[in-house]
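Each of the two complexes below includes chain A, the first together with chain B, the second together with chain C.
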Partner chain A sequence: MENIKKDNKTGLLKAGAFVKSNKNMFIRYGLLVLVVLVFSIATGGRLFSKYSINSIISQLTPLMIMCVGMLFVFSHGNIDVAEGAVIAICALMSIEVINAMGGTAGGIIVAILLNILVCEVLYVGSIVMSVKFRILSTIASLAIMFTARGLVTYFVSQTLGSYKLENSAALKLFSQTWFMLLVMIVIAVAGWFVFTYTRVGKYSRAIGDNPLSAQQSGANVNALKYICYAIAGFAVAVSTMFYLARTGSVTQNFGSGREMDVMISLILGGMLLSGGSKTRMSAAIVGSVTYVLLTNGLSQLGMPDMYVSLVKGVVFLVMVGFTLRRQSTVKALPR
Partner chain B sequence: MGEIFLQTKGITKKFGDVVAVNNVDFTVRLGEIQGLIGENGSGKSTISSMICGIHSITSGEIVLKGAPYKPNDPGDARRHGIGMIVQEAGTVDYLTVAENIFLGEEKRFTKFGLLNKAAMEAEADKALKAIGVELDVTRPAAAYNFETRKLMEIAKALYYKPELFIVDETTTALSQDGRDKIHSIMKNLAAEGKAVLFISHDLPELMEICDCLTVLRDGNLIATIEKSEFSEDFIKQKMVGRKIEGNYYRADFDPSHGEQVALRAEGVNAGILKNIDLTVHCGEIVGIGGLSGSGIHELGRLLFGMEKITSGSVTAYSPRQLSRKEKTALYGKRLKNLVAMTGAKIRSLFKKSKAEVPPVQTSLPETQLGEYKIRSIHDALSASIGYISKDRDKETLILQGSIRDNLCISAINELEIFGVVPSASERQFSKDRVEEFRIKCSSINQEVRELSGGNKQKVSFAKWIGNKSRILVFDSPTRGVDVGVKTTMYQLLYDLKQKGYAIVIISEELSELIGMSDRILIMKDGSITKQFERSSTLRDSDIIDYMI
Partner chain C sequence: MKKFLSKLCVFVLVGAMLVGVGAMVGCGNSAQYKIGILLYNFTDVQGQQIQSYAEYLEENFDVSFTYVSVGQDDDSHIQGLESCINQGCNAVFSGYNTAIDKCVEMCESAGVYYGLLLADTATSSISETALESKYFLGGVKQFSGDPSIAGEQFAEVLNNTEYTKIAGISFPPFAFIDGNTLWNAMVDGLDEGKVICDANQEEMLIPFGYKGDYYYFMFTSDACNATVVQMFSDYPDIEVVVGMGSGMDYVLPALRSNGHGNVKMISLGYTEDVEGYLADGTLLAAGNNNHVECMASLFARAYDAMASEGSAWYSDRVAIGDENYLYGGSDGAADYVILTDVQDVKDYKAYVIGDKANGPITADELKQCMLSFNENATWADLTELTTRSLSDITALRAN
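== the complex of A and B ==
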């Protein structure tokens, strides 16, 4: 009898330890399941109607692509806030290029290449600046954000109304469901593979926890920062085209708030904003799905947009508070 | 025997499900130095933290001069006449010495909300002079080295004239000089009729200083021993709960080694290092000794490419880099092995028998030696040099990472197949290392932070030996490691020597250097001043003269 009791206890303890050490995983999938359950019941299944699914995919694609790219940056414990403004400036340029070249496929390709170039210059530039002049990377990214947003505001104010694609069908490909799914899946799989199985990912996780140790284990910390920001820049460039395809025009506020979307998605995916060994690519993939389902579910329930932002803010606060507390509980334990 | 100052009655501390201290009774008497000894994680620091009000008491009580005592915070403890210096650095870098000494007690010098800086500085000066130290109290604490900062903490603790002074493992990180200073302060206090509680796992030190020793193991009180009954072997046995040979160093006195030079420094000047000449051969253990400010740690960093060299050179001779073709062949072999391993695993699923997994091919083929100039960490790693820092937890290990993360990150070269590191290989590699080094853990996915000091150090060892480093530079390899694991480490180092590894041990413990090295180099003021060959007659006292 006593034996059985003992076994039960160790069984429970083991289960407890398992939950504890896999907390991030439980947050990640638990929240997804919760969101799916709550909103499919609350919306009476409307959340998963054909129309709704299409809309979800069109929102999910650019977000997931950005999350996958940004995870590399966040895994170091660096935080980027410039995504929204960079998207806006890229979109603005793309419109100019595509309009100038008459909405041809050639024009779109040139626009994409130009986007990639600009994003790399901005992102790699900001991290090089941050490393060379020892500025906090978040501050460098704030600088980029204000500059880019300022430029967008200036150019938009020079035209009446907004920048528009003259040939509204030019970017049709980027709003085709199959194409969105294809690009999204290819990028997610590639990102997962690189982050999970190669040096870049392994070193990045180590850097997030302990850059000194990572360096002494063979990681070239600065080079890895550059590489990860380059990956993030590429992701932002690609996702720009999907955002642009949805609206076809650029206004002063185009893209604003996307940086928060990325952050909340990653947190919903169970990621610590301080990065480190526990970072998993699935945080970006699952987190962005959870996030899009959450916002869509809320608006389908008839919640006005301003309240949706409020809910986002609360979710962000609660999750950040939760992850912070998890860290400090661990630190309090003595040797 | 002195009057009882403090007595614990069945104190117990639990952190969640973990019992850190279990039902411990012991007494601290006035006019005596009471020692507290035990392996890492035996509960020493937890007990002192409870006495000082840093941790709450789960059950049991503390009696102070006959009255129950329950401190809420360190300030409360101070008012009850208890002062403590902690194991880690307890000073704030950018506050001045005076501000550090009176941190939290600024009120003493405040009038109408304004701080009388001059008065505070004068008092700080007095506090320091009381322990025989003179410092410029207006300079920031960061301007002084670790040792001096510890002295500031002592001055701070003693300023309040405590009746009980607690010293928690402070001396392990100090040089002999600093230790002597603290020892004499403790002895003086005891002579003045104050009580001292000295926590350490350095047994000889405790035996020398203490009047009475309490031995802890896994949170339990094992024995209380009076000075007259001190015996090193007996106490060691009590600490680890098994018999340990009196001498756990290597038994031979044969300083012979391989012919091949593995590592050579020629006329190197770098930072505080001056004109360093050093040769390490394959199969040789070279010990580097000296006071902590003498440059011994910088020498270790130099050999791993972390110090900027102003003149001279460091050269390593290690297996040359593989050509592209050899690499491809190696990757092919590993891939084949991985497939075989996976196949065996899958078959075992159906057969319900244990998988016969062939060992993963991780090694590079034996090749000719190449010559490497060491100027950066990258160079050092290419030259198969492994390095464990003195500050293992901060530099060598990723505490938040799993054992697997820590072991595999330096072994990517040994595991990758065309740039990809398969999870199966990582798991197998980590399991093999855990078994080889007998690392006590729940699984390879356990966080390194949760391991004990000794097991952490085993992970550091495994990290560099597992990735086929041929030249090992270990700074303070047994720092914060208990007797049981120490024995294993020494045996391991000796085995590595026999296998032809070139090993550099940097240590502030002379007995360790004498016990393990084929050759000992003594450093002073940044240069190597003396060399000793291994011999059975070499004693600490022969060496100390050259260090100071």
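== the complex of A and C ==
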């Protein structure tokens, strides 16, 4: 009898230790399960109707792609706030190119390549600026944000209020559910592989914990930062096409607020804003799914947008609080 | 601390979900038709008025309304529309023409009607495909379809004062196209001797061939403040400012905070302070859309479309595809209320923003102009009903 009690106690202790050591994973998946369960019941299954699933996928695709890219940047402990404005300037250029080339497949390919080029210049440029001039990467990203937003506002002000695709069917492929799923899965799997199994991912996590230790372990910290920002820029360029396919036009506010969507998604996925060894690619994937389900569920229940924003804000604040507290739990790297 | 934060997080999420469930249960009426309204917010006068008239319509028609506040970016607008469609709305009224082609395309595929509540097609960049869609209800022209009438009224107000140095400030011309027409008509109507303080730093003494430009700013109070500073740096002796871009919310506070409280103003926009400012002479005139009329105009079309599955069409309304339809013929119209004295404000409060059963358009009056209730109803009748002026309304209701 005593042995059984002892075994039970040991089992409980082991379970407790397991939960403690995998707390992030429980937050990540627990929150997702909670959101799915509550909103499935509350909306009477409407959240998973055919139309709703299509709209969820079309919101999720660009967000998840950006989250996957931004996770590389966030894993260093850097924060980027320029996504929304960069998306806007890329979308504006894409419209010009696609319209100029008559909405052909060639025009779309040129637009994508141009987007990638511009995003790489802006993102790699911002981190080079940050490294060379020793300024906070967030400040460099703010500069990019204001510049890009200013340009968008200027160009939009020269028209009747919006830039639009002359051939609205030009980007139809990017609104097809199968294509969105395909691109989303390919980028998520590629991101997961690179972040989990290659040196880029491993050193990135090490940089988030302690850049000096990472450097002494053989990581070329600056080069890794450039690579990670290039990955983020690529993700922003790709997601632009999906955002543009959703709206078909660009006004001066296009893309605004997307940077917060990315940040909240990553945080809901259990990511620490300080980055580091506990960063997992699943934070980007699960977090973005949770975020989109949460916002759709709340709005389908008729909750006013301002309360949805309030909920997002409080969750963000609380999770940042978690992040700050958890610094002490991060084990120092061996010296 | 960690425990507290985790509890707070769970509390907020569960609380939000419960509030959402509560909202759903609370809205669980079984009206035949459901209409969604997309606006930036429902807390200002505009949002409150639209919501208030929607509640009045709920009491008198077999409809229910759902309100979705959207952000100003395109994707947020699309998300709002998706939310309405997911909630089972049969029609959606959008305050703005954001991503209009895409919105109509989405509504068409979902079998939902879509109309512009505070915008029109004549000043929107809209494709012919969207315009000719069976599911597009059209928009609502403000200023009864002719902003120059308001401009002429403002000119008359200015001509009746001794003030001569006049400057204008607004949102950029691309964002407020009606503002250009209004401004030009106002300048045209000014008496000789009045001076326009042109944004290109050249005073224009009336009569003058060129009408002069107004100053403009990009939508924020900070930008308005900077533009006001620029304006008075160019012309320190401005006597009247015509505030066309959210006059009461942006321009008046900017004038006051920059020490120009003695400058008179004509304002497009209404707040509770208008009565006081008209009384003390700070405001020479103020104005606001008649949101009840905007709602009535679009609601009549939406209800008829929903009830007839899109087949109802006024015999005297321009046909879809007709040239006139493409150039604004798809739009209804609503009056713009101009207030020039305290009595106007009292009437406005009593008969426009007050009790809707004694307001600009009662349910019975509206039914008379709807094909679902009166097969002889005409587009001309509906337009006349929704462009009643404040004096028309006061004359009808005061007795």
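In this section, the second predicted complex is superposed on the first by the 315 of 335 C-alpha atoms of A that agree within 3 Å, B and C clash if a C-alpha of one lies under 4 Å from a C-alpha of the other, contacts with A are read in each partner's own complex, and residues count from 1 in each chain.
Here is the rule we go by: a contact is a pair of C-beta atoms (placed from the backbone, for glycine too) under 8 Å apart; a residue touches a chain by one contact, two chains touch by 3 or more.
If you're wondering where the values come from, they're calculated on a predicted model, not measured in any experiment.
Asker: Would chain B and chain C fit next to each other on chain A once aligned, or clash?
Answerer: fit
Asker: Is A:L301 contacted by the first partner chain B, the second partner chain C, both or neither?
Answerer: Second partner only.
Asker: Which angle, to the nearest 10 degrees, do you get at the Cα centre of chain A between the Cα centres of chain B and chain C?
Answerer: Once the two structures are overlaid, it is 140 degrees.
Asker: In this superposition, which partner touches a larger number of chain A residues, chain B or chain C?
Answerer: Between chain B and chain C, C touches the greater number of residues in chain A.
Asker: Using the superposition on chain A described above, determine whether A:T159 touches chain B (first), chain C (second), both, or neither.
Answerer: Second partner only.
Asker: For A:S21, decide between first (touching chain B), second (touching chain C), both and neither.
Answerer: first
Asker: Touch test for A:Q176: chain B only (first), chain C only (second), both, or neither?
Answerer: Neither: A:Q176 stays clear of chain B and chain C.
Asker: Based on the superposed arrangement, let me know which partner A:Y197 touches: chain B (first), chain C (second), both, or neither?
Answerer: first
Asker: Mind working out whether A:T104 is in touch with chain B, chain C, both or neither, as first, second, both or neither?
Answerer: neither
Asker: What is the minimum C-alpha distance, in Å, between chain B and chain C after the two complexes are superposed on chain A?
Answerer: Minimum C-alpha separation, chain B to chain C, in the superposed model is 14 Å.
Asker: Intersection of chain A residues contacting chain B with those contacting chain C?
Answerer: Looking at chain A, the two contact sets are disjoint.
Asker: In the complex formed with chain B, which residues of chain A make contact?
Answerer: Within the complex, chain A touches chain B at residues 13, 17, 21, 196-199, 202-203, 205-206, 209-210, 212-220, 276-278, 330, 333-335.
Asker: Where on chain B is chain A touching in the complex?
Answerer: 15, 17-18, 20, 40-41, 45-46, 49, 55, 304, 377-378, 381, 387, 389, 394-402, 405, 408-410, 412, 416, 419-423, 442, 445-447, 449, 452-453, 463
Asker: In the complex formed with chain A, which residues of chain C make contact?
Answerer: Touch list, chain C to chain A: 1-2, 5-6, 8-9, 12-14, 16-17, 19-21, 23-24, 27, 41-42, 66-80, 82-83, 85-88, 97-102, 105, 110, 124-125, 127, 129, 172, 174-175, 177, 218.
Asker: Using the touch definition up top, name the residues of chain A that touch chain C in the complex.
Answerer: 31, 34, 38-39, 42-43, 46-47, 49, 51-52, 55, 59, 84, 153, 156-162, 164, 168, 243, 246-258, 295-308, 311, 314-315, 318-319, 321-322, 325
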